[in-house]
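Listed next: structures, encoded as structure tokens.
What follows is chain A paired twice: with chain B in the first complex and chain C in the second.
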Partner chain A sequence: MANQTASVESQFLRQISKKFLNWSLLRQIMSFVLFIGLWSIIVVAVDYFHQIPTPKAVFLALFELPITVVLINILKSFFRVLAGFFLGIVIGFPIGVAIGYSRVLKNLIFPAFEMIRPIPPIAWIPLTVLFFVHIESQIIFLTFYGAFFPIVYNTMGGIAEVDIRLPRAAMSFGLERKLMLWKVILPAAMPQIFTGMRLAMGITWILVVAAEMMANKGGMGYYVWYNHTVMDYPHVVLGMGIIGLCGAICSIGINFVGNYFTRWRRIF
Partner chain B sequence: MSNTNQESEVVFKNVGKMATFKKTQTVILKDCSFTVEAGKLNVLIGPSGCGKTTVINLIAGYERPDLGRVLINGRPISGPSWERLVVFQETALFPWLTCYDNVMFGPLARGVMSKESAHQETVKLLTKVGLEDFRDKYPSQLSGGMQRRAELARALINQPEVMLMDEPFRGLDAMTRKLMQEYYLKLFEETGATHVFVTSELEEAIILADNLLVMTNKPSKIKKVIEVALPRPRDWSMASSKRYLDIKAEALELLHEEAVKASVASGKLDVDLASGYKKPE
Partner chain C sequence: MANAKEETLDFIWHAPTFKTKLVNRNTILSAVSIASLFLSWALLVHFQVYRFSLLPSPAEVLEEGIAWVKTNVFWIDAFATTLRVLVGVLAAYIIAIPLGLMIGWKKVFSDLTFPTLEVLRPIPAPAYLPLAILLLPTREASVAFIPFIDAFFPVLLNTITGVKIIDRDYFRAARCLGSSPKQIFWHVVLPGALPSISSGCAIGMGIGWMGAVVGEMITGKWGLGYRIWESYILIRYPLIVDGMIAIGILGLASSVLIRYLTVRLIPWRRAITESLDESITK
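And then the complex of A and B:
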């Protein structure tokens, strides 16, 4: 009897705590606190880490951030990322569709792509100087290049993996062949096409930072690199944080668009 | 578009069909001749992997025979057409379209109906299959049974002359399956047209069929056509009638013979020859 009341009470308590204390959320907040805490401790505790700025130093550096300079750099990086990304779509998407759709074109194009693809995009930096005179074009080319392969490969893969019964059904219903791509193949391949775009967006940010560090033409990569050369490490870390934030904003954006176009997959 | 379903007859004349799977050539159909009777529910039954889906693909026009001819009303089948529509194994609804848009797809693709009359017809059919409240749901939001019914509606709106049902109720749970069978029987008995229904379930086959076409193992042909001749409208109470039991016994014996042959041919007691089975010379 006593046992029973106890269990009822504890159940009651559990319900209350469920209602007012979201443990899951608390643990997630703890994750941030732990991260900052570990960062502070390691920087102080490990002897040769003493040049690494503490969280506090980074926070204080926030107040002396040259806002206009940083904003201009952010815009420059954003412009380069988006230019490369959209060029990647404009050029990569049709190629992906073509080699996903046509065996002949795939035979002609794919093997050469397979040869080039394993070369990390950054290794192209020396050659880009030969392709383009303007440094701006060189940077955009690199970001484009980073976006290109994920878009091509995922578009191609998405199209190749469309369930054959779908175009067959559409054919039976009398859909004109020239509409097949637009009405059936692309919608069916859309989830993987957007996977490619998400990957591409991530890679363009990696490349824009690398290119800007080398190019001396502004942008957040340059901002980080410049502060490194003047040994202002709190601002280096701040710059890193801003780059991360920009990348996150871009991936949220692309996710939003992607989820809209593939909303039929997510609703349950 | 006419409102009466023209009843079409499909004839296989000495059809041969090969398939290449992992560089192994397999003869699927050999010298296969039979008639799909017009306006009847013709059920194809046979051991799994015997080429039932190939027969469906040949009638649908997705594949062509390597030998022999497949004729519809005396004309050879030249390609896919809305006159011969398939309801596939599992669902092949367009997942990015709502239930309603899936059903509208056929009429709009061919441009044979005005949007308004297609709309009316769609609403009518969705009501008929009991999905009027689910018209704006995507296929992923529907249960297995609902998906099959949506697919039936998507095919029926085109008033096909031949309906090809490729194990349409496979993967449904026993209760849903039974409901779908009753549902399908009602639809068939109301709408007519020529139906080809593929299944590997004998009881389902007998209760649905006018003609039961028993297939052999690969290389397949039709071993025997059994006329079921149970009265329509059908229901499951007929499963205890003498006629039903006689047919069941006969068909079981035919299928058993095939199973034994298959196990002898492959050298093991495994009836499933879905892949990798080479024809013994």
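And then the complex of A and C:
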């Protein structure tokens, strides 16, 4: 009896060790250790880099983080990103569907977009400042603009790439035309639509940081730039880390929603 | 290929037709589209709708633009920006492509480097600017650092994907026939990943232009991004739009150039990644 429980225990341990103590995972942890090790060695050993904060300084700065200030900045940045992003979806998604679905609308709208699209969103900053009164609406316009084109283009592309056999099969099964979009084409285009949204989210974070650096109106970009101007570099690095974390949270959120909308993929 | 795609959904509304004439419904609609863009811009400014009165009109932009192109300032600006983008993006290619090939090919290497890169990836490029200023000796280099970071991750991820989607059978066949790791690298990994790498390069180039403009606006002495910002401060508003147009044209030209080169250099890419390429770059 005792022997048996022991064997069960050892089996359990073996399973655990198989799951958590394999070489791949150890190496992945080693990756971070190596990175931090290299970082500290370079900063300490090479005189040229002596201004770069060491990992230890960054870690210690974590305890002096002005939490309320940082939280307010995070919320500001989040608000700007999400407002622009959702505006981009609300306006860009229907346009993408329309020009993906109808060739006339595509020819009517697409060439004008092609003229505007190569201009990077950042280059719109001066015109945005002229046109919009409030700084908040200026930044939100920029994030919207950054999100708009990836969403439109990927929605359009996703719909154009739907396998022709799917709507044909649906038609031969007698699906009404009204339902074709909702039941067949949009679900089939969803993977690429979410690729566009992921791209859009990445670009909105780039834009928000750049705009906040120039605007002096709070937000994490401003936090990083402010700490740069007062030469508090450990907090610059911390700010970068926080921005990265926020961006990662947003893309995880999109993946989560995207998995829900492309759940038909699991069947195959 | 493209025609086949055009017709994928259109059959619901129209019977497929053959369009061979130069002036057909499509080209007319495209012309209407572009004309209406400029016309609505001109009209909105002319009738001073909302705050459009503050924006320059197309005629002013054209006039100022022609004057600007004739001066040396334009050419120096365009050259400075192009140089920064090229230096940053080429540096990203040189580092990201070998790194991506190794990460995609060797599991051990991937374990040791990829988790860290994944953690660094969500940090947007402008956030690196303070560190770049601190880290690099000249202003020029810190401006070029932004396109570098911007281009680095798309190129890296596309390279990794490119290696990952190679059919495993190629590796097995190569090993059965007794090739060395070096031969596998040159004859299986690299050619197999090149199509995906090339679309990564085109994306990287596009984002690189955005990065250079950010860098120049925040900390620059020359360049199109700086010129846009300066025109805003000096209230020469038409020049802002000219700068935007110049950046747009140069950015588009560089992406088109890369795509043209890669189509030429990698003839087998069309078959493999046409859909992949279109989905990502557009």
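Here is the rule we use: the second predicted complex is superposed on the first by the 244 of 268 C-alpha atoms of A that agree within 3 Å, B and C clash if a C-alpha of one lies under 4 Å from a C-alpha of the other, contacts with A are read in each partner's own complex, and residues count from 1 in each chain.
In this text, a residue touches a chain if its C-beta (ideal position, glycine included) is under 8 Å from a C-beta of that chain, and two chains touch if they have at least 3 such contacts.
Bear in mind the structure is a predicted one, so any value in this text is a computation, not a measurement.
Per the definitions stated earlier, placing chain B and chain C onto a shared chain A by superposition produces no clash, and the two fit side by side.
Legend: residue contacts after superposition of the two complexes on their common chain; A:V43 is shown touching neither chain B nor chain C. Judged by the touch definition given at the top, the superposed model places A:A57 against neither chain B nor chain C. In the superposed pair of complexes, A:I72 makes contact with neither chain B nor chain C. Of the two partner chains placed by superposition, only chain C is touched by A:L108; chain B is not. The wider contact with chain A, measured as residues touched, comes from C rather than the other of chain B and chain C. Contacts of A:I95 after superposition on the shared chain: neither chain B nor chain C is touched.
By the touch criterion defined above, A:I135 reaches neither chain B nor chain C.
By the touch criterion defined above, A:S251 lies against chain C but remains apart from chain B after alignment on the C-alpha atoms of chain A.
After the two structures are overlaid on chain A, the closest C-alpha atoms of chain B and chain C sit 6 Å apart. Looking at chain A, you'll find residues 163, 171 touch chain B in one structure and chain C in the other. Chain contact summary for the complex, chain C toward chain A: residues 5-14, 25-26, 29-34, 36-37, 51-52, 54-55, 107-108, 111-116, 119-131, 133-135, 150, 209-210, 213-214, 217-218, 224-225, 228-229, 231-232, 237, 240-241, 243-245, 247-249, 251-252, 275, 278-280, 282.
Those residues of chain B that touch chain A in the shared complex are 60-62, 79-82, 84-86, 88, 92, 94-97, 105-106, 109-110, 138-141, 158. The touching residues of chain A, when paired with chain B in their complex, are 163, 165-166, 168-176, 179, 183-184, 187-188, 190, 262, 264-265, 267-268. Residues 23-24, 27-28, 30-32, 34-35, 49, 51-52, 100-104, 107-112, 115-116, 118-127, 129-133, 153-154, 156-164, 167, 171, 177, 180, 185, 192, 195, 202, 205-206, 208-210, 213-214, 220-221, 224-225, 227-228, 233, 236-237, 239-241, 243-248, 251 of chain A are the ones touching chain C in the complex.
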